[in-house]
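Below are two complexes that have subunit A in common, paired first with subunit B and then with subunit C.
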Partner chain A sequence: MDERPSILELVGVTKQFGGLTAVDHIDLKVREGEFFTIVGPSGSGKTTLLRMLAGMETPTTGDILLRDRVVNELPANRRPTCMVFQSLALFPHKSVGENIEFPLKMRGVARDKRKARALELLDLLRLPQSYYARNVTQCSGGERQRVALARAFAFDPEILFFDEPLSAIDYKLRKTLEKELKDIHKESGKTFMYITHSLEEAMVMSDRIGVMRAGRLVQVGTPEEIYTQPRDRFVSEFMGEVNVIEVRKGANGHAVGVELPGDFVLPGGAVPFETAHLVVRPESLRFLAGEGEAENHLRGTVYNEYALGSRIQYQVRVGEKVFIVERLRQQAYQGGLDQEVLIGWDAKDSVLVTD
Partner chain B sequence: MAATAGASRNKRLIWLWTGIMVVFLYLPVACGLLASLNQGRYFTFPIRRWSTRWWERTLDSIEISILIQTSITIALIVTAISVVLAFCGALAFARYNWRGRTLFQRLVLLPIFFPQTVLGLALLLWFNMLGLPLSWQTAVFAHLVWIVPIVTLVISIQVYSFDPALEEAALDLGASRWQVMTEVTLPVLWPGIFSGALFAFLLSWGNFPLSLYTTGADSTVPEYLYAKMVAGYTPGVPTLGTISTAGAALVLLGGYAIVVLARRARSGR
Partner chain C sequence: MGEAALPRDDSATPPQAAARRRLGLRAGPLYSLPMLTLLAVGFLAPLIAVIGFSFSEPRSFDWLAEPTLENYRTIFDPSNTVYLSFLWSLWFAFLSVLILAVICYPVAYGLAKVFGRWSMVITLLLVFPLFISENVRLYGWVLFFIKAGVLDGTLRALFDAGIGDFLFTPEAIVFGLVYVYVPFMLFPMTLGLSMVPNEVVEAAGDLGASRLQVFREIELPLAIPGIIIGSLLTFVLAVGAIAESKVLGGQSVIVITHDIEIAFTYSQNWPLGAALAVLLMLVIGVLVMTVLRYLDLDRILGRR
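And now, the complex of A and B:
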């Protein structure tokens, strides 16, 4: 386990707006140098949480500790943290250089020192030094992103917060910037705290992920843990397309389908339950030649197929339910559409969630 | 080919229409200038004898220079006060979400739609009731009632396009409240504030109905023009009218020049 000291600690942090609880008793420790991402759908309270950490809101109850010091009431301009906003919030009336130097100017750093630092940061973020005098309005989306990062780095904050800064950027550039951000995190060694509604984005970049729902942290873990051991149905479905089978307790440790006929072998270590959901990822399902090829199986018809590039996705109808099966192109299903097929999975590739 | 012929005919029609509109709008102004260059006391057309004597007389007149001074003083004070009030009002109007904001927005805008003559009369009654002697100072107040809402609206438009995250970002990057104001809010809203100031000045400079009721013994340029039209017309009237229009045009052109120069200075860095 990672034993680095925690730089940021949240103890029962709660934020209420009128009668509405936006953030509900959150306990969390973020480690020094970690890339921690909070994921959640819109309205889950993740932005409010981040704003409290940055000092733009104060918690209604609970404590925020920065290096063991309570900072609940400390305003944003006196915290050693910096936020990169969704809109980036670059100052449109200032040049790239003036934007980057802004935090230094506010701290009374001399002009020539500021400029030296700005040029250094342009290098770090792989922007040409000629951009120093350019207007920010003349920069492209990716360049603006880098300017915002350079500005955030300028005063050497201890933690950088990111409020979905990539959400407005087109897919291809976003993919590039995700990796770039991870590289920059590694090079700088700073603590990054990122929020997004895209789990895919979180998976690519994060050391750890916290999944938020209705103001609460539902699960915290490494991307691997979140992906393979979702704590509940919400987390499992948030991780992308999954197949969910409603089950109840059956004989000899098996489960019996509620909407589907069948007796399913459960993964090891499943908690006791009366009713639960069995989650099977599309890539864990495969086409079987015979019932003996997998521990669990279902009979259905192939309804449609979609090419996803390196993979192919199939819709298989089993009774009223539609199952999604994803195979690598090399392992593509060879039969035609509307044919009866046998699909199946091994118990270890499924997850049982109880709510 | 037929299509291009049609397109060029359309273009000619658009030009013709634009030309007619421009003439329609600016001919009266030109007429004022022509009337002021007439040597005789009464306006006849075509002008028989041209002269600049009414211009000389007008420019030499102490009365006129006092009028202009009064108008400028009122306009400058109205501009200064209304920009400050409207700037704060616009932030409340367009930025912050608070209880009663919708009501505030409606109430602020209402005076714009009052008939100015009625507003002037109402203010006159008020000043009398309060026992305030009427002078150019009461006119300043009257102008403010009507002009502050308009300037608020003008600045609000700029505030609406202002990303509130800019101020938060500045604060987050270590700026004090005051620095946020001087480094971010004012510079970003500056075009709106500037055009608001121009509006304030020009609306006050040209205002007649409110001044008529509230200046008391003092007189502004528009009031004088009206009074002389009613009784005692000379070509001095269109002369002063032309000066007034030219002054307004100069203010506008000067404002435009400042904007262009500021923009050039910024991009020339």
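And now, the complex of A and C:
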């Protein structure tokens, strides 16, 4: 569907440190102008991968191609790419203006041209021009973020890399900056490659997401695809709280619960399997008045409820297992706690994963 | 906050606090009392004595008599060549700092950024010589450099060409100063360099800076506090050094500290020696203050 040419291509990229394989045979194409995010838990190799792309590490095997040219051995200072670090790595002994102008100064751009560009970038990133002479240590977290971004833009890179630059920022500001970053991406038209351990963050900003686990790229897709069709249990659970039911093959295309009694209707297009996991999101579960209201149902008791603002979350005990049900406030469960209830879901709202 | 709600009852205060109250001291001044005493007796008292002596009659031993500027007049008399000793001392110190800075920077960089767990071993090896008296080490160098000594003899035996008269030259003095003061330059420098965040250096490279540009724009300015501290330390120590010039320099050059020693011992002219010492302190003091003001150490340190 997206036919833009690829700007960055990874072919079997592997990085080993001693006996440890940090990045394991990664193949990937990043398209021109895309906002691509790599998500993974800490230790999944995502930072090592990004450092190889930026030129701060060299791959043990495999090739990195930038516009069809192999750049494996090209050092960072000669790559047309730029990275925004987690620590931001601003130069503490330089002013905001000097920080932003740094890449231009390195190229020998004249002083007045540098300044003009720096002021332009301050505007672009919604920082007052009076900040030009300010010391970077006097800036707040969000302002420092913007200075780092302005500095990267001054470099005018073909790809911008981001190494979890928002992880140290408080929740509210982070939400603002996520949206701002997406706006800036749209305005600049540059290729952004972002890494984070927060899939929520990835969802908000990205055109496509790659999920990493133990050095491997587990799944690549749009936020929609990752959310609705997780390839395995890891991806589905990485998305947040989900209900996972262990099942084995049953009669006439149905599945039979392993820990739970029951016969479940499977979503269409499920692959053949012996044992598998049926994943149902909390918001796909609903309270039923009768068994006929949904294709699949379970009987349990409401153990507790938690208000999440616009939504309410319930814990429902079914045998030994606890299910999480999430409803909008308008569709709240009306009964009391510890009462027996019927919960259910339609087959199309569930995903079958085989490992 | 919570304390205000408690009833004020002096009998309930712990005994230490009560003792402190009797002395009329807060914890800070109390704990610094031993150090203050040591400084008063070991630093302030001799300083006052030296300043007092510098204003006494030449060749007298009575520093509380009528003050006179006679000693300073002697030193500043155009026929007196003691200014040469000052110049030699300052020149040697300056040269040592320069050479040490060049020698130590790569090593300090290695210790701070490259050697990793080997840093500890290398640091220990560099510290070991300090366990042996400086004089003993300097006499060791005499044996090494002396005509027909270890180096000269070996070279002559192997290549039939010796090193000639290296010992008892100004060069030998500088060699001695550089050798003795390596740790005083190296360790502050290492500290300064280890304060440069790796990511900041990487970011500079990523933004297109060459190795040389990274050094000039990032590493050096961020490590400068350590480098300045190391330089000042070695400079002050080298100006005040005496053993190197006496042992390795022979009588080739008389440095100012040697002049002061002669005045106090051989010539028995304490007031003249004291006046020279006061002048030396002034020269060093003014130089150090100028450097500190020019480089604004506080601001550099305060920025992190």
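Criterion: the second predicted complex is superposed on the first by the 355 of 355 C-alpha atoms of A that agree within 3 Å, B and C clash if a C-alpha of one lies under 4 Å from a C-alpha of the other, contacts with A are read in each partner's own complex, and residues count from 1 in each chain.
Basically, a residue touches a chain if its C-beta (ideal position, glycine included) is under 8 Å from a C-beta of that chain, and two chains touch if they have at least 3 such contacts.
In this text, all values refer to a predicted model and were calculated from it rather than measured experimentally.
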Clash or fit, subunit B versus subunit C on superposed subunit A: clash
First, second, both or neither for A:Gln229, with subunit B first and subunit C second: neither
Touching partner for A:Thr60 - first (subunit B), second (subunit C), both, neither: neither
First, second, both or neither for A:Ser95, with subunit B first and subunit C second: first
Which of subunit B and subunit C A:Ala133 touches, first, second, both or neither: first
Partner chain(s) touched by A:Met106 [first = subunit B, second = subunit C, both, neither]: both
Which superposed partner A:Asn72 touches (first subunit B, second subunit C, both, neither): neither
Touching partner for A:Gln315 - first (subunit B), second (subunit C), both, neither: neither
Partner chain in contact with A:Cys82 - subunit B first, subunit C second, else both or neither: both
Interface residues of subunit A shared between complexes with subunit B and subunit C: 54-56, 75-77, 81-83, 85, 87, 89, 91-93, 102-103, 105-107, 135, 151-152, 155
Residues of subunit A touching subunit C in the complex: 54-56, 75-79, 81-83, 85, 87, 89-93, 102-103, 105-107, 135, 137, 151-152, 155
Interface residues, subunit A side, partner subunit B - complex: 54-56, 75-77, 81-83, 85-87, 89, 91-93, 95, 102-103, 105-107, 133, 135, 151-152, 155
Residues of subunit B that touch subunit A when the two form their complex: 163, 165-166, 168-176, 179, 183-184, 187-188, 190, 266-267, 269
Complex contact set, residues of subunit C against subunit A: 197, 199-200, 202-210, 213, 217-218, 221-222, 300, 303-304
